[in-house]
Amino acid sequence: MTADAVTTPGGLLLPLAVLVPFLGMIAGLVLGGRNAQRVAMVTIVAGVAIALGIAQSMLQSGDTLVYVLGGFAPPLGIALRADGLSVVMMVAVAVVIGGIGVYARGDFGTPDGVREARAPLMYWLLLLAVWGSLNLVFTSGDLFTLYVALELLTFAGVPLVCLDGKGETLRSALRYLLFALAGSIFYLLGAVLVYGEWGTLDVALLAQRVQPGPVTWAAAALMTTGLLAKTALFPLHLWLPPAHAGAPPAASAVLSALVVKGSFFIVVRLWFDAMPALPGFAAAQLLAGLGAAAIIVGNVVALRQERLKLLIAYSTLAQIGYLFIMFPLAFDAGTGAFVRGEALAGGMLQAISHATAKAAMFLAAGLIYATLGHDRIADLAGAARRVPLSVLAFALGGVALTGALPSGAYVAKKLLLGAADASGQWWWALVLQAGGLFTTGYVLLVLSHALRASADAPAPRVRVRRSQEAAALALAACSLLLGFADVVLPGDLVKSPLDPGELATLVVTVAAGAAIALALGRRLPALPAGAALAAIGSPIRRATVAVGLLVERLDFALRHWHVAGLSLVVLTLLFAAAMSGAR
Amino acid sequence: MSTLVDLFSYVAIGAGAIFFLAGTVGLLRFPDTLTRLHALTKADNLGLGLVVLGLLPHVAGVLPALKLIAIWLLVLLSGADASQLIARAARRGEPRSRPGP
Amino acid sequence: MAEFLLGAAGFVLAMVALGLVRILRGPGDADRMMAAQLLGSGGIAALLLGGAAIGDDTVVDVSLTLALLAAFASIAFVQFAPPSSPGAPDDEERT
Amino acid sequence: MNAATVFGLLATALVGVGLYGFIVNPQPLRKILAFNVIGSGVFLLFGAIARRGAALGLGGDPVPQALLITGIVVAFSATALAVTVLLRLFDETGSTTLSSGVAPSASEPDPAKARE
Amino acid sequence: MIEVFHLVPALLIGALAVYTTVARDTFAATVGFIAYGLMLTVAWVQLHGVDVALTESAIGGGLTGLLLVRASAKLRATEAAARAERPRASTRLAAAILAAAVSAGLAIAVLALPDPAPTLAPEVLANMGPTGVGNPITAVLMAFRATDTLLEAIVLLLALVGVWSLAPDRVWGGRPGPRYNADPDGILAFIARVLPPIGIIVGIYIFWVGADDPGGKFQGATIVAAMWLLVLMAGLTDAPPISRRLLRAGLVAGPVAFIAIGFAGVATAGAFLAYPDGWSKPLILVVEFALMPSLALTLGLIMAGAPERAEAASPREAAP
């Protein structure tokens, strides 16, 4: 990211990318009723075109796109910038929004005979608002504008949680809102200190000016922790599982796949672009340590869930942890700074494949729920026969998350493992591998139920729309095919799936995943050999269940408000200490 | 001339400050809600009036002077109304906060 | 003169602070509702005096806004405070 | 001690006081109040920083002062949204508690119960 | 002397913050918070932030106060239940220690801020000429960082969408809030007739002087919105049904005009939200003129809350 703020060719696309979704929201609000959906469809087409246009301009010039707003360059004015990271995220978000939009036409159509209904109108307006806010997050180079973008994202996300207006979802929404507000006020406090010390809020100028010192440590610690609270990184995740599991599927997909990526992206901006030489090795280890804890706790608790949507929500928790493993791997000990390289590429690719896969999984879960009338994992028998495409979408999304060939997560994992190898941090490689096994475990657990034939097979009364199934499937396919992003990445990462080494890995992964599912899963399918297995495994099973319960209890304790609040403060202090110790 | 004006300001503002003191003493000493309300509204509004009076010679131009007077009138207006509404609320809802017979 | 004005402003603020101590102790909501009144007159006086002391005319506009909205806050108190508001919540006599 | 230092230090105290209330006060409305106390502390600190940047006859650095106005409006919007969600929660459930769910227990769930 | 005058409001603000946090009764805490908000106005004047003081007094003292008072009165019934959930003494102690640590760390940072402080004041003054406005803060808000101001208007609009989204389905499209009943000859009705004309004049005045002196559209719009709410609370008028298209058009007119002028800048001045030479001040005034009514309407409706009564119901039917 360069500091010279001069508008580049194609730069005008950046304010358009931000404002077109908001204009769609405004038009939808005024026109109301059914028109909101029509406006949203038009906006989605326009937005996707803009995202692709930005990608194309960037490929052409090969450099960061810049747009100087109002003609006033930073530090006085504000510039929008789109580097490779921004562009990749913008395109991914456009694709996911497109997929979710197609799906949501089925769930959020205005019913006949009503001029305007609340939930449909609000859904379309909020979807567009999320999009505009995310594009602002990806392009803004100003810490204060980023604060406004974060708040926009929260204000759009919270009503999505309680769109059905039920008591329990309102409670989740309030938890989410209050904790997110604490996060953003921490972030703002940090930004204020940055201005006090360096006299600018512009990321590119800060990169040149920032030197270590007490004010900057405090600022970086506050901003980082505040953003972690908004990203729901363990142990600040109290709000995420109920909010993401309770929302309507088309809203859950937006929240889980996209909204949490906004604050994550700002952490990346801060650590890699604004102050790469500041946080240091210890802080990066701390960050990745939280990520590792998120992977373990999120996955174990996911395995112990009874409901599909909660399982997916806890899987999000674990996947968020994954995103933070890249930080120590991107640390260059020679310069003491964070450098863009394989680790960052891996992390961002992970973020994108999670976005597509998780959206697909929530949408598929929504269709399964709509058909069966419930989402109890233990009673999923027959789902594969009644909604085969949805189960397939869930499976593909899940497989993509496990890092199987040729998914995006596979390439991401290869990149991260390579970086771990190169920097000698074998312990993070271990965490990455373990995470994949757990993911395999719960995907297998769900499929083992869903693929069974139902004992009583009534004719499906609820018919899901073909377009909805297609949307879920398309997003899952995107996730699976992201591995071909390999063509633009250095090295030859994707091997032939028939390579003996790869095959062996696959077999080991599946076997280990199955073992984990058997050991920890809450209610196991009645396998033919189940009785025999149970006889041998019973003491082991009892021990593993005890471990699972322990982790569940830990998670439950951490989700108490005051525990999470105290964690927020403790983490802030720890980050400040780690950063000041880096000198 | 200017010393005379200053003297006027000193006296008016000083007197205003004394009214604020009186209002606060009333708040602290009076036994029940209604008398406290009485002390507060009367004394503080007068105090503000005197402060405004003392500041009038120091503002430049007619508009700021008018604004000063408008501020006082607004506070008087809202003070009178709000205190009556509060008094009503106090009488309606809180027999115990008044002194016993 | 500026010293005197600042002193007067400080004095009025101190009076406001003392008054607040009494008002916020309750016991009833009606007492607490006087807070906006107290700040409406005392706070505005302090602002005007302070503004005159530093020679900033624009402070008068702040006072004007405050005068309007202090009335607004008082009315909101009265309109929304429940009429049967009990005394202090830790009051055991409450039935 | 000049005004910027006095109010800068006051701001740090306000952040701490608000943070305490935000963590320990179980009533959500009190958390909203505490959020506003933290917020005003942050704003006051920014105001102190603006005051420190006074130059060329300006009483303060106008950029942070302008950002403060935006910040106050954003904080107001947040408060309004939070209060509305809270009141709606109260209308719908009659309670305002933020804690939900039961502690995980050792027993495997009863399938009949899980169906509810 | 000067120091004392700084210390008195600072101590008072700190004490009110503590009171707001520890008071047992929520209504009492709310009152403390309103007093706190009004006192902050004094602090802003001390810091030479008169524009901020205006915003704080209008929003913090007026709108936020009303919002919180209303909520705390309604939630009185939940006090006992909330108290039962209070965390243990050990937790409170830990929270107190950690919060104090944060304050202490921040205090160290504040004292370590560089001297002389970095400032953009010279840049603002150097670039203010062409904008034609005399108030540097307005120049920042409407020219240098106009995007933030546009986004802020969108934040308010989105907050209103969020508030509306909380309406129960059966009353969708209806009128926000309860229908207030008050004695038409009572004091409240009296003041609701007398105060608004004055308030609206003051609001427009604050808006008008904003180009050259402290003030501006936000502060003015807030005052106007407060006056509308006063009339509403006195039962003299009713909130409009939110399904009215004209109402919605009014909400978005300001932001749309802002965006339109922004894009016109691409053609005429070479950048989004840039103004062509010599046109800065008139265009800024046009944007502010367009924004002010929209902002007042948005703020008023956010305060009025989610729809609670179906549109068809007669206005007298649903008493508070």
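In order of appearance the chains are A, B, C, D and E, and numbering begins at 1 in each one.
Criterion: a contact is a pair of C-beta atoms (placed from the backbone, for glycine too) under 8 Å apart; a residue touches a chain by one contact, two chains touch by 3 or more.
Not measured: the values here are computed from a predicted model.
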Indicate the lowest number of steps between chain B and chain E, counting one step per move to a touching chain.
-> 1
Chains in simultaneous contact with chain D and chain E = A
Chain occupying the middle, per Cα centroid | D
Tell me which chain's centre, taken as the mean of its C-alpha atoms, is farthest from chain A.
-> B
Most contacted chain pair (by C-beta pair count) | D-E
Taking each chain's centre as its mean C-alpha position, how far apart are chain A and chain D in Å?
-> 25
Centre to centre, by mean C-alpha position, how many angstrom separate chain B and chain D?
-> 34
In angstrom, rounded to a whole number, how far apart do the mean CA points of chain A and chain B lie?
-> 58
What residues in chain D touch two or more of the other chains?
-> 15, 19, 23-24, 26, 32, 45, 49, 52-53, 59, 63, 67, 70, 74, 77-78, 81, 85-86, 88, 97, 99
Multi-chain contact sites of chain E, meaning residues that touch two or more partners | 46, 48, 50, 74, 79, 87, 91, 95, 98-99, 102, 106, 113, 117-120, 124, 144-145, 148, 152, 155, 158-159, 162, 166, 188, 191, 195, 198
What are the residue numbers in chain C that touch two or more other chains?
-> 16, 29, 33, 36, 38, 40, 56, 61, 64, 68, 70-71, 75, 77-78, 81-82, 85
Interchain contacts (touch definition) - all pairs | A-D, A-E, B-C, B-E, C-E, D-E
Touch list for chain D against partner chain E, complex = 1-21, 23-27, 29-30, 32-34, 36-37, 40, 43-45, 47-56, 58-63, 65-70, 72-74, 76-81, 83-88, 90, 95-97, 99
For chain B, which residues count as touching chain C in their complex?
-> 6, 9-10, 13-14, 16-17, 20-21, 23-24, 27-28, 33, 36-37, 40-41, 44-45, 47-48, 51-52, 55, 58-60, 64, 67-68, 70-71, 74-75, 77-79, 81-83, 85-90, 92-94, 96-97
Note which residues of chain E are touching chain A in the complex, please.
-> 87, 91, 94-95, 98-99, 101-102, 105-106, 108-109, 112-114, 117-120, 123-124, 127, 143-148, 151-152, 154-155, 157-159, 161-162, 164-169, 172-173, 243, 245, 248-249, 251-252, 255-256, 259, 262, 265-266, 269-274
Mind pulling up the chain C residues that touch chain E in the complex?
-> 3, 6-7, 9-10, 13-14, 16-17, 20, 24, 26, 29, 32-33, 35-36, 38-40, 43, 46-47, 50-51, 53, 56, 58-59, 61-62, 64-66, 68-73, 75-82, 85, 88-90
Complex contact set, residues of chain A against chain E | 7, 12, 15, 19, 22-23, 25-26, 29-30, 32, 67-72, 75-78, 115-119, 122, 125-126, 129, 132, 136, 144-145, 148-149, 151-152, 155-156, 158-159, 162-163, 165, 170, 189, 193, 195-200, 213-215, 218-219, 562, 565-566, 569-570, 572-573, 576
